[in-house]
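Next up is a structure, given as structure tokens.
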Amino acid sequence: MHVHAFIEEMERLAPPELAEDFDTEKIGLVVEGRPEISLVCCALDATPYVIKQAVLASADMLVVHHTPLWTPVTAITGRVAGLMRALLSADMNLYVMHTNFDRAQGGVNDALAELLSLKDISPMSTGRIGSCTLSPAEISRRLGGTCRLWGKVKKIRRLALVAGSGFDPALLEEAKILGADTFLSAEMKHSVARTAPLPCIEATHYALEAPAMQRLSLRMGWQYIDDPPLVQKIP
Amino acid sequence: MHVHAFIEEMERLAPPELAEDFDTEKIGLVVEGRPEISLVCCALDATPYVIKQAVLASADMLVVHHTPLWTPVTAITGRVAGLMRALLSADMNLYVMHTNFDRAQGGVNDALAELLSLKDISPMSTGRIGSCTLSPAEISRRLGGTCRLWGKVKKIRRLALVAGSGFDPALLEEAKILGADTFLSAEMKHSVARTAPLPCIEATHYALEAPAMQRLSLRMGWQYIDDPPLVQKIP
Amino acid sequence: MHVHAFIEEMERLAPPELAEDFDTEKIGLVVEGRPEISLVCCALDATPYVIKQAVLASADMLVVHHTPLWTPVTAITGRVAGLMRALLSADMNLYVMHTNFDRAQGGVNDALAELLSLKDISPMSTGRIGSCTLSPAEISRRLGGTCRLWGKVKKIRRLALVAGSGFDPALLEEAKILGADTFLSAEMKHSVARTAPLPCIEATHYALEAPAMQRLSLRMGWQYIDDPPLVQKIP
Amino acid sequence: MHVHAFIEEMERLAPPELAEDFDTEKIGLVVEGRPEISLVCCALDATPYVIKQAVLASADMLVVHHTPLWTPVTAITGRVAGLMRALLSADMNLYVMHTNFDRAQGGVNDALAELLSLKDISPMSTGRIGSCTLSPAEISRRLGGTCRLWGKVKKIRRLALVAGSGFDPALLEEAKILGADTFLSAEMKHSVARTAPLPCIEATHYALEAPAMQRLSLRMGWQYIDDPPLVQKIP
Amino acid sequence: MHVHAFIEEMERLAPPELAEDFDTEKIGLVVEGRPEISLVCCALDATPYVIKQAVLASADMLVVHHTPLWTPVTAITGRVAGLMRALLSADMNLYVMHTNFDRAQGGVNDALAELLSLKDISPMSTGRIGSCTLSPAEISRRLGGTCRLWGKVKKIRRLALVAGSGFDPALLEEAKILGADTFLSAEMKHSVARTAPLPCIEATHYALEAPAMQRLSLRMGWQYIDDPPLVQKIP
Amino acid sequence: MHVHAFIEEMERLAPPELAEDFDTEKIGLVVEGRPEISLVCCALDATPYVIKQAVLASADMLVVHHTPLWTPVTAITGRVAGLMRALLSADMNLYVMHTNFDRAQGGVNDALAELLSLKDISPMSTGRIGSCTLSPAEISRRLGGTCRLWGKVKKIRRLALVAGSGFDPALLEEAKILGADTFLSAEMKHSVARTAPLPCIEATHYALEAPAMQRLSLRMGWQYIDDPPLVQKIP
């Protein structure tokens, strides 16, 4: 398949116009390699390990959620030089789907809702809200086991979830108004926790978003490369 | 003591010129009450609980680290109205020392270094670095028990610490250059963890900063009001 | 009446979407007090005297034209602390209708046109224009007697008026094109007077706007509190 | 005298570096005419009447306080075209001294202080403060008779004055701290009057500034052209 | 013809709404002279020579492509004073049609296409593209003889042209996509030449734009004043 | 030599603090390759041809005047991908010295002055001025033969030169004041030519700057790669 056809297919899955403004020029084909795409790898982040595995697999294309070129550059040095050398030497393409995939149907938030077996799902401005029969402990288990709980949860009935870094006061308020009793996201801040109108489960960013890339790989017949950050509770 | 004299004393403890630019007009006397100061209360945040306890104690002054008026307002409604009503009805003053106290000698970072028994301490652009004989488990215990570990720690010898939200790539780089082997702060972000050049211990913001307010209260003969956020590991 | 219902009623009288952009977040409920509204006071400005009278009247709500929180604040001190203490201690609400009321039907400019018995009234981009049979002396008398005249007036036939500070070169030009022969407003500036294309009557800001608040009070059954600034011609 | 020499002399009288930032490129030689300067006229504003009188007098140079080109232009049309045609056709120069002359020794504020017979004069950040034995009525008389009084004056002892539009809350505060009991300036605004910490005498802008141009003309042997705006109290 | 009627006619020829945003307030009547227009002169630039010739011809109006007041001014001195004095003393009007005339039907780019005998013309976002049977040497001859060639031209079939300074990477790309094999404009830059996707003929700005003013003069019965810059190849 | 030592040497030749502000983060090591530097190539631009020659020569480092990453990027595609692939695959470093080398002693302007045998050289704010005994024809010959002359030159005595794009009205004015009778630079614009106060010789950007890179290569024992743009007069 030509890379143009591949891009068209990706844009059907995650339409660029769904992306947040801050993603302008940071999604889509971020590194251009050979024009013919046959073997595709997929991961959450374009880490050195992920790129190495994709090169070993002779991938023509690597699809990721987070671009390695977030800050605009006028020099290719240090860590970025290492990543770009590995990609460009192998003539491999790098394609990024970020907030457009968060919001797409069947995208990051939908994959998370599915992982947690939510029912009666409705959308929030960002994220999803749905009926949940899992306990916090079971949620934590499905998300790799390093969750923290802010506030007191009795029993979860309606869970609001935002994959990624979603503990935003306006989103919490929206969730409460929409009937949520618990809010799941990553990267809680003290100032937000202090005024949160409902209890919050804090998972890792990776645990919330990687399932979508894994499911996408399965669906598309791509090779998924897992590279979670090493994080653990201190006993 | 007149409030002017009290302010002068506070400015000796935490000189306003040490504050970050973003703190301009957000530190110092943030709510003006009666001019005569006799009983002083102190806390990390001006929460409803803290203000209520200060009112019950008939405090003339409440000293906190985090201002409740961070975002400039043109209306006093909702949560802010509740806080302001409680303070102004009681004619109580509210005084904020924030990044100026972080950086002051004997301030927030120094209190944290002392709590963790650091030796051979030297300053970073923000935070401190020092020799540490504690294990991650003991550090976590002294910080209230909800720490997480990012990356692999063998044995801590030189610990860099930044009270508050200090997981910044530039600070991590500085710590590594200065010889730290482990970095302690709060509010880790995925993108920072992915490229952190040394292992990180993530505590809560409250656990890192409250000790300084508690020690200050002891030293000054003030009444300290503890109000930690409810956070726990999910088993 | 619940405060929400009261706000809805006010928004029918003076729709917020009529307000100038600079009024964003400076109109509407500016201080939140008790939720049940029975007794309402009204004035042009939320001065200490006005608030004191409203407290003595046990008002639940004070409606004013000019917000006392024009400049966004991160501290409640000095004059603002005095006003907020008086309002919040009394649990009184403060509601502001400003440029939205200037432009509303039956609003500030219409009340002024009525006070001066204008006929055949048509709107300007700001203000009104209408046929006038009063002499400058009679206009001045109805406006409290401290008016000044810039330029030469023979006989007024069509009067343009802008309540508040409306001596703007573009407005003067518009008035002339629309057929006005005299322009009434407040706060003349030298640079504007030098090039004014028609003679101007300068009243006080208070004299032009207070009548609208007084008429509104009458219509709504509120208690109007008059507090004109002390201004007089020097003999 | 060559125009360059004339400019040097003016810059000694009113050094450009004293000017406010907003005057950048708006003071000095604003219209360039013939290079040889012999006859000089002077006025407060470059009005059509003033320019016509200067042309009739065959002036080589007209010195004014207020530039007729305040707003930067990319077209010379309407009123500006009239002024520029009159000046350029007559090959007359136009020189502006504005806030640099306000602040210069012997400049606009000093001339006003002298006109009002102030003693023991000390400077403010803008304006002057001095002992005054005149009554408000006598001040008004010396300033052309159209003054208004805001607030209550018992007896003036220390008068603060700011020629031009100087009713600024920060200046009023400064004047009070420096011991003034009355403040004289022009162009009072309602919002300032409401919180003024001392009584204010409001004269016209012209009455406060023209005396300085008149005195300068006398001192330099120039021809002064008076052109006050027509303003009167309405009986 | 009254100047208002003349302006209406000009706005039909070159509608102001076609102009680029940077031309706001820089086109139309730029210097206002006498209201009655009988004799009209026309040129590319309002140079001292052009204005002198127009004055000698007793023109009421001078129409040009480039405004002499590009940078907004607060002073009329030096070169600008010379131009304005000549225009205003003669009571002559100056009218500017710039990017609105570039884009107008029958405007600058169309005149250039006609001069080079293009056929099958279609528009670009700026400029035109058409079939061309001329050699580079013949194009250069028709454009006054000082053209340079960047890159290699075999035979021109489809020529893209942009009158004025049009060597912009985005325009070059557009021309190539639309099938051009050669690009004609003025003021080539090194950085653009380095990556130009098709060969470029560089003429002078004057040679590309003056023909339009000349043709307009013919059509309207105006007097055209030619004033090309002196430029020659060094042998 | 280690790349760090090489960079130190380059910074002595062309101190980064001499660079214009717009060069921030666009000079120095722009692509990072292997750390050991033995063979160095040098050119004016990092074109595909230049990089290919440097790769064939097995260079460890390529030094150029113009960065290929002028506009900050968040994607490596198209032309930039081609350049980066060639550089990174070969593990070659790319070092840029731009306006810092223009201004350095022995830098771009000095090399040009030397090429044209200037004497009694003194600096301008940008560029140099010196006595010149060459004719325009000889200057053009030494600069590759495609120069154009704007205005009339009798005999050059004092030549001002600015390597690169230096036809700036302020620089032309400065040159005239400093006694130049002719100005040499590249990329003349119509608006500048119209008001130039002295005759101008327009060479190509490449012809003015490449000599400095060639001379630097000779001095340092590097391999110089010439890649002039193809430009010619049309007969």
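Read from first to last, the chains carry the letters A, B, C, D, E and F; within each, the first residue is number 1.
Just so we're on the same page, a contact is a pair of C-beta atoms (placed from the backbone, for glycine too) under 8 Å apart; a residue touches a chain by one contact, two chains touch by 3 or more.
What you see is a predicted model; the values in this text were computed from it and never measured.
**Student:** Moving only from a chain to one it touches, give the least number of moves from chain A to chain D.
**Tutor:** 3
**Student:** Can you tell me the C-alpha superposition angle of chain B onto chain C, nearest 5°?
**Tutor:** 180
**Student:** Select the interface copy of A-F from among E-F, C-D or B-C: the correct pair shares over half of its contact pairs, counted by residue number.
**Tutor:** Equivalent chain pair to A-F in E-F, C-D or B-C: B-C.
**Student:** Are the interface residues of chain C and chain D largely the same numbers on each copy, more than half shared, or largely different?
**Tutor:** The interface is built from the same residue numbers on each side, given that over half of them are used by both copies.
**Student:** Rounded to a whole Å, what is the gap between the Cα centroids of chain D and chain F?
**Tutor:** Each chain reduced to its C-alpha mean, chain D and chain F end up 53 Å apart.
**Student:** When you check chain A against every other chain, which residues touch at least two of them?
**Tutor:** Those would be 70.
**Student:** Taking the touch definition from the header, please name the shape of the chain graph: line, ring, star, complete or other.
**Tutor:** Graph shape, chains as nodes and touching pairs as edges: a ring.
**Student:** Taking the touch rule as given, give the residues of chain E at its contact with chain D in the complex, in rising order.
**Tutor:** 25-26, 28-33, 67, 69-78, 81, 84-85, 88-89, 91
**Student:** Using the touch rule from the top, collect the residues of chain B that touch chain A in their complex.
**Tutor:** 45, 47, 66, 70, 79, 136-137, 139-140, 146-152, 165, 186-191, 193-195, 201, 204-206, 229-235
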